[in-house]
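Here is the structure we will look at.
Chain naming follows the written order as A, B, C and D, and within any one chain the residues start at number 1.
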């Protein structure tokens, strides 16, 4: 299956992209998504466990992902 | 000597006046002003020791008053 | 220069107060508005009439604005209190503060309204839905009760 | 109905926010504005560029506005965060709250801005007087330093 990974701000700069499509085995979790991202050049600039949202809600590394899900890596927020 | 006594809000209603001229002996204090006011009809509606200002600054009962001073009796304030 | 603490008989303009405390050094602006509300101490209110010992109230408002700015570091503070007859939802007091940081801005704003309520010679007569009027203290209790 | 928590690319209008939370039941209205200031973490700033994960940020702003109103009793809360390029003295965020009493209004306003800074996916890139730009965290430190 594949999911869309969204990157923002410093993470988008680090990986040179704001959106990626990532292929995963069935029954994958957020941890699997992060492992795929960690293989990409530039990912060494990201923290080991970035904040993650799945379909626009904060999620944990154990959250299951489904085909077509929107997984976002959330840099330290700076609103206000 | 004489001083002007200003009354406001519920105190003005109680004494039926917003300004009075009070005659005092020389070297009088705020306490003497209050004693004169206490002789007036309606003064029983005032507290025994109201807040007082002399020339627009908060004062105590021992504050000396001078001829022509403006002495104000200050009801519980309710700004805001 | 417009006094930083002042009385007015005109409606209080939120946007004007905010502009008065804006500076490139400030990261936080806080505007407090005290507003006439429809119920006080359990009684229906139709309006409030504010009056003051005007010369002294102006002096105290100005003093509080200066003390507030001194007390919480580089800050801008403007305080406006309205007098006369006010209807529901009209602002009786507006306090705008500007500070580099929000923590100080909140402390400063709160200190200023508490100090105003403690010491500025302003009084209010509430008008109730039953047609009566009474002088009320800052907690909204009729003054007659307070003295009993 | 206009969402109570929302993003905008237009300047934030203080007077509009205040009007949105005015109700006859409210005795206190508090408006917080976060403003671009000329210095952050010791560096001269000329402007800030705000961006967001827009769908999620809108959801979180709306959720915070609802939670705030629930948490502090009958209250009205409106939160607006601006995106895009902002110059000095421009407001990046506006939070208006209305409550019967001022004590709750202050707590509510403060809780809302802290919650916004904690969880809404918005980022800022500061533009400095030397022409450089850097992503900064909510404390204003460049993100690169934070990760070292």
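The working rule: a contact is a pair of C-beta atoms (placed from the backbone, for glycine too) under 8 Å apart; a residue touches a chain by one contact, two chains touch by 3 or more.
Owing to the predicted nature of the structure, the values given are computational and were not obtained by experimental measurement.
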item	value
Common touching chains of chain C and chain A	D
Gap in Å, rounded to a whole number, between the CA centres of chain B and chain A	74
Whole-Å gap separating chain B and chain D, where each centre is the average of the chain's CA atoms	50
Rounded Å distance between chain A and chain D, as computed from the means of their C-alpha atoms	26
Multi-chain contact sites of chain A, meaning residues that touch two or more partners	none
Chain C residues counted as touching two or more neighbouring chains	34, 113
Pairwise chain contacts, counting only pairs that touch as defined	A-D, B-C, C-D
Parts of chain A lying in touch with chain D, wherever the complex brings them together	6, 8-10, 13, 45, 47, 53, 56-58, 72, 74-80
List of chain C residues in touch with chain D within their complex	13-15, 18, 22-39, 88-89, 91, 98, 100, 102, 105-106, 109-110, 113
Chain B-touching residues of chain C, taken from the complex the two chains share	34, 50-53, 55-57, 59, 81, 92-93, 113, 116-125, 135-138, 143-144, 146-147
